[in-house]
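Presented sequentially are two complexes of subunit A, the first with subunit B as partner and the second with subunit C.
Showing the complex of A and B:
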């Protein structure tokens, strides 16, 4: 049976709508049964490219409706059309009961909508201050002066931007720009806000902050929201969501329902040697990946016991030392859905043998940073950073925007001389041998590393030429890269015409053309779909394990940081933690406690109670609330007692494993608090 | 139309312009420096032509002939050359642009009443300059010849020299240059430059201002709000029309004060006519900006549609009447020519609306058409 149809059926039968009904009532006194927006058989093309291909959606009053999907899935086109700022080819679109099908009719809805287009702060005016930006948005909506002042004060206070009223927008951090964007599109009190990827390019702390502000605002202002995201793990923030892929809806419904579409289990197993065990597991289970020391395997249609047995037997003689079973998350489901429908791109598995000449001499460290300092005037962007990366290790550098990650990478790649401190990269001193470093490392950034107007082969040859490879070497490496990236038969395609995932694989190939010993990847997976991301991590894993390449990577996807052997977390120019992901999680658990997930019948009321009840790390995820508790059973009693007093019905309280995002957010928030204390 | 929304848009735009120091500086520096550089640099007057003379006669008369040229302000005498073989080198090195060779027996032959040939070598690389040089040489030679003739007649007939000279020229030529008595080309050029600069710069500002919003994505604030297309465009254009008007004042001051061009007309006519022209060229920028997506494209297209018509088809360099027939049609189809008529009329002829109303009318039609076109093509719900 078709999965999407299944969800529709379950919605139709009203199986799980009790909670959402409850939620809607809590949000809005005058609950209106008519949907805010209704989209049917919607289709949009740009020339010959089909962006959206027959989508049906219904957005109910008071909910946060999520569009989840990778770049190019059709999210933006759909959202712009709903906002009445883009034409479409066919289908129908009704917003507030108005048929939006012409420039004239679309004007009729614009007093009730707020749109925040894609791109961090791009719709704001760089040279205007926070206050002037808000004023402009208020004035063009003809809000009376007094009312505007009042709303502005309230919104800026809520987003904690009021201290920076006079600061020009261009001098704001990513998180602040995003909050200002939200304020600007809410200032006229719209009934529907349309937020296109509001959290892309923003660090996890600001992201979590943004979601809690959005939830609070929507509740207080009684607004409906249509929000898109490329981060699968944000799906829990939505009441309803649609998974989009290639202009079509893969699945839709409540996040739980979507997750339940593909029955199965995730098995995590540790086995030595990992690379060999992984190769065996992959033969039986196509949807498996190596994450740090773990192998993570999706087992279809199995219960805990069946899944464990199946994975163990697939490993043959490499018996797992440790094995866990978990529920699949949405990203697993997304991939499983695509796999089951045969939508995963070619199953050409990357074979990576042949990069052997890059296996380093084995002596010493690949990257070594000792007390690196970089000052810009009196401001220290990097302040005494030290870490070590061994050959064959995957090292992650995490930090909020402006924490100093980019400056560290620039110093290590020889682009920027350090103010103080020493460092060696691939055996070369970074103070003196900047050129030698550039010859020994590979570097790939998300922003600009391929020439889109050159073909695949031309791009590879260009990089080979830059690194001065001989003609024979160039030919060998070209074959190797095409094979590695799964680009067979596409050698003469323009690289700009490749899908994002393939393009990134080509880019990583170009960075590897001269067989470097150290590889720098700056947000390599930004905007890449989940399948493309996994393929990329497969390549990274293989490079590190089989070719001994040291890989240094930055990412905003916290779930990806689990792939790293060890992680340095940065805050305000310093490294405050350097350990493996599991060590980081263990130490957070020891310090702050276990993660408790509370589900109630009135999530928003419950959030208020728990936030004022002295619990740590309280955060709303859709209808669930997360909090940290040193003593879970005692905390559960306290939670039930506190909620009982306020007449909130507790549906469940359960312990959940901590994620890297929990680690990062809680650590950084603690540091921020300490900073504020000092001031 | 709601005045508050227009005001909000205009004041936002104005603040952005003022805060962007580089853009602000350029909006004022570019017109001023164009005026100064081109005004001083593009003098069409031909004076001080470097000259060498070969005097193979070396008599009183040959020296007198040579001094006609040496003393003229049109020539810059570089010295006598020893013989004609030295001349090609001097000309090739650009040391001189013209050379005069006075042959042997110059005095003797003339005194004997026989004609003699004086050869002139002129650098022909720039035809217009060569033509002018030839004209100067010819005029001086004619004057010298007729004086010689007068002297000869007065001696032969025994009549006074003055009478002899008059009898030689029964029809006397007399010319008075109207509007620009001293024929100074900078007087003529400065007002026309105002036309060129006000053709080029306002479309640039406008196109960049609108396309910048498109390129960044802030245009979606307008698309998704209740601001009407008309309100947005009016609010958006006001600051740019204001800046261009301020520039017009600066350019007018440079033309009249620095270049000393006379302004004989009425400001009461000239100011509104100039404003109309600015609105017209701003409208051109609007049309460009709705057609392109990027600032680079906006700049290239604006350059093509403004610079070429304003330089070639406006009568600045070549008079419209001297253009080929098709070029004349083109010139009449573009607004530059009409404002040239207005600006030349107002500066040099002192005429006003009574004489120039057809030109004003054409500009008004232009402005209306361009603004309407821009408005029609601008959509709040585009297809891409």
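Showing the complex of A and C:
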């Protein structure tokens, strides 16, 4: 099949491939026509499970190649094989022109490769200091002492870790651990670094920092990188990317090209009542979601006008308002690709309503935090946090790791007594609440804590028994949960054997078994694929709108926070903003300005110019640069002038909508700066 | 659901009962699915007890004896041949002192008997003579036994030689002699296997009584399910007791298997007292010891730490139980600890019931001591458990 045919086939069921013409990144002066790594028909199985099923890839010198896909897509297996630490079943694998097919051949390439495995700081030694860790990795690579010293100083300087040289690794934050991991795998000056989900579990601010350091290091050292991520919105950081799902490549190419694979538009509109309009729209457009007050609909193969008309007419009776049309983002594309190939689980249209008996009286607050404080010794994990959540509201608590989100949830659920302040849930003070109040709340912890050695039905029955449901109720709720979670036919599977998405829906089902009025979800979507995440948000939406359940969610996916009715952002134990997502974006726009996206032919050079040129919020996304400008047209002129002086060609400057990540990162950076100022 | 207070009271009881039921069933299911643990338990309750009963002996059997005979007389041969099986085995002669030390060093001889020149002559002349026994006492129990058997043999021979010289035989009783007669009670054949296998069973019971509930609780902590339980309307008692209940019944089943499949058929251990009383005491003891396990689980952060803490607690418990050293031989501090240690009382009670046929009228103090310990340990661990997440 030739390439044109393959692209055409993308309308149907074929493999979608967009081969980039010539790799034309201007930063890669030394661009070599020979790829650093070439993978062809690669296949890896574990027993009967096929992890990777016939993947082809080509990684060019000097680029950042991204593997994007949910957990279990086969990213780690592929990366380990490229690093020469995993045998495979069939296919070919050439790295630096060496055919990697034996112990010997993989030894031959290992000194040119740096590998950072998945997991925060898993390749590091917790009790060794930063410096000792780097020294260790240098010494096992037999780097001469003088060279090592020089290299260590340089890398620690660039990652700004040099101030903490003597700090043991275990006392570092997630972001710092990942930076140290990067330093340790770069210390021997490899030509190819393989980073397995380096940003998972790292907060958005540190994630941006990590990407910019990585980009800078790679450029200065002429290193090629193979990086995987589960965050779809990080795709823009890559020069080339492959979307993986279930061991297969869904699409590959430059991020823009992948996005263009599924022609269509995203239409956003408001309609009342939202839940009914949503149900109606979903009948016509399967790929729709309710996001906060909005309905967000993916319309296939349409231009702006067609999409608007189609959506409007599908829900005419609800008078859609404030209609916006936008380009689909990569997550939309990913889901659309899966949908078109029939890879989504069979469409689940059964009504989720079944919870109506728990609709609360409507007056009074569901959750009320009043100046909550929690101190551990002299350290205040939570410092005067207040917020209110009404019944039927979705409330999001955002913050970096260690900002205090989980501690707040633990205080509200009665797991942890507050040092000061009060938390009221469903009208009762959690500190003094008896067992009865606990019957009104549901809680799902970060780990989706199910009994993995019990089956689906055994788990549900256990919680039904704990919450004192009658036999008839237990039967009804078991049916409801199995239906809601899409677990039909898997009732007697061990819950540990379920894929992440199903496991998480079973966990939420168990938390809902007693129809609580208030539901606490601590990072409910980590490790779950995009489709699973959307289904979860559908469930949350349904609970809040149709059953009046108040839902409190923490998440580190900033894009997900758009689903919340209102959001409190936390930094160092305090809430620094509490408003709806659109209000938060509006206020950032008013304070710091519009988001401008600059595309140039020399992105890294341009980045230096703009960062030193006094612009706000300058950040590199693959080949594009984002910055904040109070006056976009004036800023555009300044940008063009500044770049022109340095001989950087500007390809385009455009205004982009602000995302919640922009809001969070800019706010937190400002707070960090203020903190540094105080010290 | 009804307005009647009595009805709601009944409902609360039904709910309470239901909670205990589902939590206990959950423990059984989890244990049932943990195949490795089951294999380990089956091994411990059968093969391990069997090995302890048949393999370990505290008696002196076939101690390797070398002789350095510098006399080569009738008397020296007579003495040498009084060292016989089953206690001693004569492995031959050594020619000089250096060789005997060498054999002792290498562990090829346990006892070296050194007979001086003119041994017979001295005896016949009525002079005092001496023999030397060098004994490898790296195992003090066996060394002690070899020493005492050896001196008994030499003493007996010396006495006979002296009387013979005076022309008397032992039967004439012209000299005052105390004739010692002893009666062996409870284990007439002094069969080690009885004691060893029973004690091993009690040790296995102790180990699982700590390990099973502790690892069940630690697993819940590790996987985060304990938080899920703590936000639910379960009380601390409802979280802990079903584990203890489930594990206790499993251990009791294991105990019955050991008694009926190993102790009785293989070693013929008599069961002189009431099996029911023994099982009741065992249930109380397992319940108590499970409290120690619960306390460990609240301290430990994960399964690996539970394993280490179990070893840390279990081994001293065995040493202080009085099996290897009677408490009277311990320093006073350890003796005090031993008086509290439940295993000590449990072994007393168990041996009492099984071998002596004792009843509750005799054993009530041991049972009371175990029960008091139970109250203390559960008070402590429930208090700790509530505090650990706070």
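The rule we apply is simple: the second predicted complex is superposed on the first by the 642 of 679 C-alpha atoms of A that agree within 3 Å, B and C clash if a C-alpha of one lies under 4 Å from a C-alpha of the other, contacts with A are read in each partner's own complex, and residues count from 1 in each chain.
As a working rule, a contact is a pair of C-beta atoms (placed from the backbone, for glycine too) under 8 Å apart; a residue touches a chain by one contact, two chains touch by 3 or more.
Owing to the predicted nature of the structure, the values given are computational and were not obtained by experimental measurement.
In this superposed model built on subunit A, subunit B and subunit C take up the same space, so to speak, and clash. By the document's definition of touching, of the two partners only subunit B reaches A:84; subunit C does not.
After overlaying the two complexes on the shared chain, residue contacts for A:647 are found with neither subunit B nor subunit C.
In the superposition on chain A, A:631 makes contact with neither subunit B nor subunit C. When the shared chain is aligned, no partner comes close enough to touch A:283: not subunit B, not subunit C.
When the two structures are aligned on the shared chain, A:127 is found in touch with subunit B, with no touch to subunit C.
With both structures placed on the common chain, the touch criterion links A:466 to subunit C but leaves subunit B unconnected.
In the superposition on chain A, A:305 contacts neither subunit B nor subunit C. Once the complexes are superposed on chain A, the part of subunit B occupying the same space as subunit C corresponds, among 3-11, 75-83 or 183-191, to 183-191. Across the superposed pair, subunit B and subunit C touch subunit A at no common residue. Those residues of subunit A whose C-beta lies close enough to touch subunit B in the complex are 46, 80, 83-87, 102-103, 106-107, 110-111, 113-115, 117-119, 122-125, 127-128, 132, 136-137, 139-142, 168, 184, 194.
Every residue of subunit C that touches subunit A in the complex is listed here, in rising order: 14-15, 18-19, 21-23, 25-26, 29-30, 33-34, 223-225, 227-235, 389-390.
Residues 410, 413-417, 435-436, 438-439, 441, 443, 445-447, 449-454, 458, 461-468, 494, 510-511, 520 of subunit A touch subunit C in their complex. Residue ranges of subunit B in contact with subunit A, taken from their complex: 2, 4-5, 7-9, 12, 15-16, 19-20, 216-218, 220-227, 379-384.
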